[in-house]
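Working notes, beginning with the structure itself.
Labels run A, B and C following the written order; every chain starts at residue 1.
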Amino acid sequence: MNFDLTNDQKMLQDQVKKFADSVLAPVAPDIDKSAEFPRDNIKKMAELGLLGIIVPEEYGGAGFDYISLAIAIEEISRACASTGVIVAVNNSLVGYPIMQFGSEELKKKYLPLLCKGEKLGAFGLTESNAGSDVAALETTARLDGDHYILNGTKRFITNAGEAGIYVVFAYTNKELKHKGISAFIVERDTPGFSLGKHEDLMGIRATANCELIFEDVKIPKENLLGKEGGGFKICMNTLDVSRIDIGAQAVGIAQSALDEAVRYSKERKAFGQPICNFEMVQSMLAEMATEIQAARMLVYFAGYCKNKGMARFSLESAMAKYYASSICVDVARKAVQIHGGYGYTKDYPIERIYRDAKILELYEGTSEIQKIVIARELVR
Amino acid sequence: MNEIFALVEHRQGAIRDITYELLSCGRKLAEKENTKLTAIILGHNTDDLVQILKSQAHRLLVVDNDVFKDFNSELYQITLNEIMKKHNPMLFLMGHSAFGMDLCPALATQLGVPFTTDCLDIEFMEQKLKVTRQIYDGKLNAKVQLRENPGYMITLRSGCFPAGEGSLDGSVERFDTPVSTQPDYRKFIEYIEAAVGEVDITKSDILVSVGRGIKDQANLSIIEDFASAIGGVVACSRPVVDAGWMAKDRQVGSSGKTVKPKLYIALGISGAFQHIVGMKGADTIIAVNKDPNAPIFSEADYGIVDDLFKVMPVLKTKISEVKLAKG
Amino acid sequence: MDIIVCIKRVAQTAEAEVKIDSSGKDIIKDRLTFDMNESDTYALEEAILLKEKFGGTLTAVSLGTVEAEDTLRIALAKGADSAIRIKAEDFQELDGYKTAQLLKAAIKDLKFDVVFTGCIATDDYYSLVGVTLAELLGVPHATLVTKIVIQDTKAQVHRELEGGLVEHLEMTLPVLFTIQTGINEPRYASLIAIRRAAKKEIKVIGASEIDPANIQANASLEELFTPSVGKRAEILTGSMDEISAKVAGIIKEKGLL
């Protein structure tokens, strides 16, 4: 048992923290307000290697492990939740399935583009009528000679408006249910592929969240990711990984809420003394700090399981994502409470953090889905 | 020889303030130790300097050569090394300035004399020298004893030893420099004046000055609004310039400008001495800082212990009200 | 071009509360964060920029305890080729003079054209290590450097003087510069560079390489104390409205509104 970070993890944490504090944090309020995608910062992050954290060096990545991924996403999200998810999606929802399931050609073609930020990634799974219930997908892909013909609409897709490479799930054979779902790599400029509605979100507002519309989109056969019908497995395995960094995102956002709450409670005076002297405030701060540390341990542990090469770690990653996102929302709520009425104004960052936090319980598997995953692993 | 020496600092023909502080400190010590103070002047056309400083020391040791027109620590070191070897003073004082910082450690090391820098206070007792220095960003003081030796060399922080009128009539002694040309390895070329910006902060009656506490360049607009509401100009401390958020010509402090406005409002400035020396001449100083122990509160007349972003909007409104009431 | 940069790991005290420990000679460090000294980060960046321009080697040196290796590794990740730690634990109480002698002992056999240090350490505030080291190495120096342009063996150097004035010097290599903050924009290490640096070995030297008996300190610490506050601002209290009204009143009284 060893809780020490390795030398490279320590350095990564140090440098990402500094970068996040001085480059990402200053623009976080602005891009929340304008919902403008932080292109310049994404470019800077690409230069540092933050868009391909876990991708091997030979494909243009940095070749780090999954705990490092969590550390980086936590630090980024602490400074800016929008940027946190933009980077998380690129790394684990797009980079990961390509590196794990893609053919050598696909890996060579797409991974360097993703890692260098020349083309960003987006993950096209959710639809209007299919989110938690993956089998309810309506998007279809029909084989026609050398091509698949893709039809359907995806909704709530992070990075959609700015991406160049999309991992899209569609039925190649609806009768086979789960086993009839396949995953494809779709490029942005493919004819018939357009963007739909841009979502005006409550939080993580700068994430270019849009609909993807596919109308008879011809995808070359070689852009099938893995085997035909292997999409569901790719999807589940990818979500296991992405839950590590969504958990990390939750830890980062919660940490920023705690930092704001501690700062405010030391500055704000009531009844002649700083409110941090009051036990009910202290009680909240203590709960928040403890929950965050517990969540961080769960996230690191899920990363550790993946590092070890465990084939299945759905239990661990679902626990990490479920717990971290729940406490994140709760920590943000308490942080607002500590701020009192000021926390309800846009004058304080906690208002934004509170809005950003809620998404954690919703995307990449709602908390309810996580609990189902956990429970099924227990009784299986 | 148990004498006290002090180095005269001058630039572009003018004696620098620190010189008077060194000489005043030196005179007091000389009196206490029952010895004499020697002011060392290395310069060119030094008659004016000699006249001005005659009352400040028992003796003026003058090295007049055009090679000393401008400061060059290598030339100073070579010459002072000879002077020190001849006179072996018990204490040699220099300013903790861009000038003294460049010279003292090298000269003292060459001579093998124990030395220390940036002293705020000195105690001399039976050949033992103890000094007080500031450490940890000015938050603590350290009392330090130097290795016992017949002679010491130290640099003094400006603003810590009050300058005073002298009533001496110093004798003048000349010394020849062993060097007459600038060495190739370090040649003084020129002084470059800071570029003149559109705003001259030294001319404004009201300065609203921001430090590290501003957190982000974007927040400057709040400060600018406030400054214009109050009829002032925005200035800043060093970290704001280092971050590239404001131009160098807005910087107050030892490496920036020295200002003497009627009102100086310090926002989120902790009060490192390098900043303090640039603004302590202000008539009224109001400081806003979250840290009740920030050194700025030792310099300010009024203090507000709070987040500057909470103070600014309310204060701006109040000031507008008072203005309206008057108008 | 062969370059050496001296860096120090220091407690970050600019925005932290600093308390004296029970010995009266040190501060309580448990809850402080430590990092590369501020002006050293600029010195390191300047060294890396020179190396990128002219090629050659860059060695980072630090006198410190084992934790200083973390700081040296950051230097490796940013662009240093090799790193040396001098074991602070082998040399008892340190002052700037002793530090300079130890640094000299560590680098005396290395080839160099330029040595960099920061212009001041934010913990002990001496501003003397760089200049002393230059003297011990027998090379010219310039302090408070804000610009360096090197061509062949000549360096055009800007020093920052008081009052915003800049001194332009021409120097010949080899030379030692103490670097002022703001001279450049220190970079962040890329992830790939971090992974490579993590594997690099840091050379550690101590009492078996440098005889402590030959290293003398100039100064020894007697005690630490909290500065007495001479004048003290009148702290305005009350609600934000009341405080603001008081401030507006003070400003009005001075005839400035």
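Note that in this section contacts are C-beta pairs under 8 Å (C-beta built on N, C-alpha and C of every residue); 3 or more make two chains touch, one makes a residue touch a chain.
The shown structure was predicted, so the numbers you read here are calculated from the model rather than taken from an experiment.
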Inter-chain pair with the most contacting C-beta pairs
B-C
Quick one: point me to the chain whose Cα centre is farthest from that of subunit B.
A
By mean Cα position, the chain sitting nearest the middle:
C
Suppose each chain is reduced to the average of its Cα coordinates; what separation in Å results between subunit B and subunit C?
20
When centres are defined as mean Cα positions, the distance from subunit A to subunit C in whole Å is 39
Distance between chain centroids, defined by C-alpha means - subunit A, subunit B (Å)
52
Using the touch rule from the top of the page, what residues of subunit B touch 2 or more other chains?
306, 310
Touching residues (chain side subunit A, partner subunit B) in the complex:
25-26, 29-30, 267, 347
The subunit B residues in contact with subunit A across the complex are 215-218, 290, 306-307, 309-310
The subunit C residues in contact with subunit B across the complex are 11, 13-15, 17-18, 20, 27, 95-97, 100, 122-128, 131-132, 134-136, 140-144, 156, 158-172, 175, 180-182, 185, 216-227, 229-236, 240-241, 243-252, 254, 256-257
Mind pulling up the subunit A residues that touch subunit C in the complex?
6-8, 10-12, 14-15, 18-19, 47-50, 53, 57, 62-64
Contacts from subunit B onto subunit C in the complex sit at residues 11, 16, 71, 73-74, 96-99, 101-106, 109-110, 114-118, 130, 133-147, 183-194, 205-206, 212, 230-231, 238, 241-242, 244, 248-249, 251, 254-258, 262-263, 270, 283-287, 291-293, 295, 297-306, 310-311, 314-315, 317-319, 321-323, 326
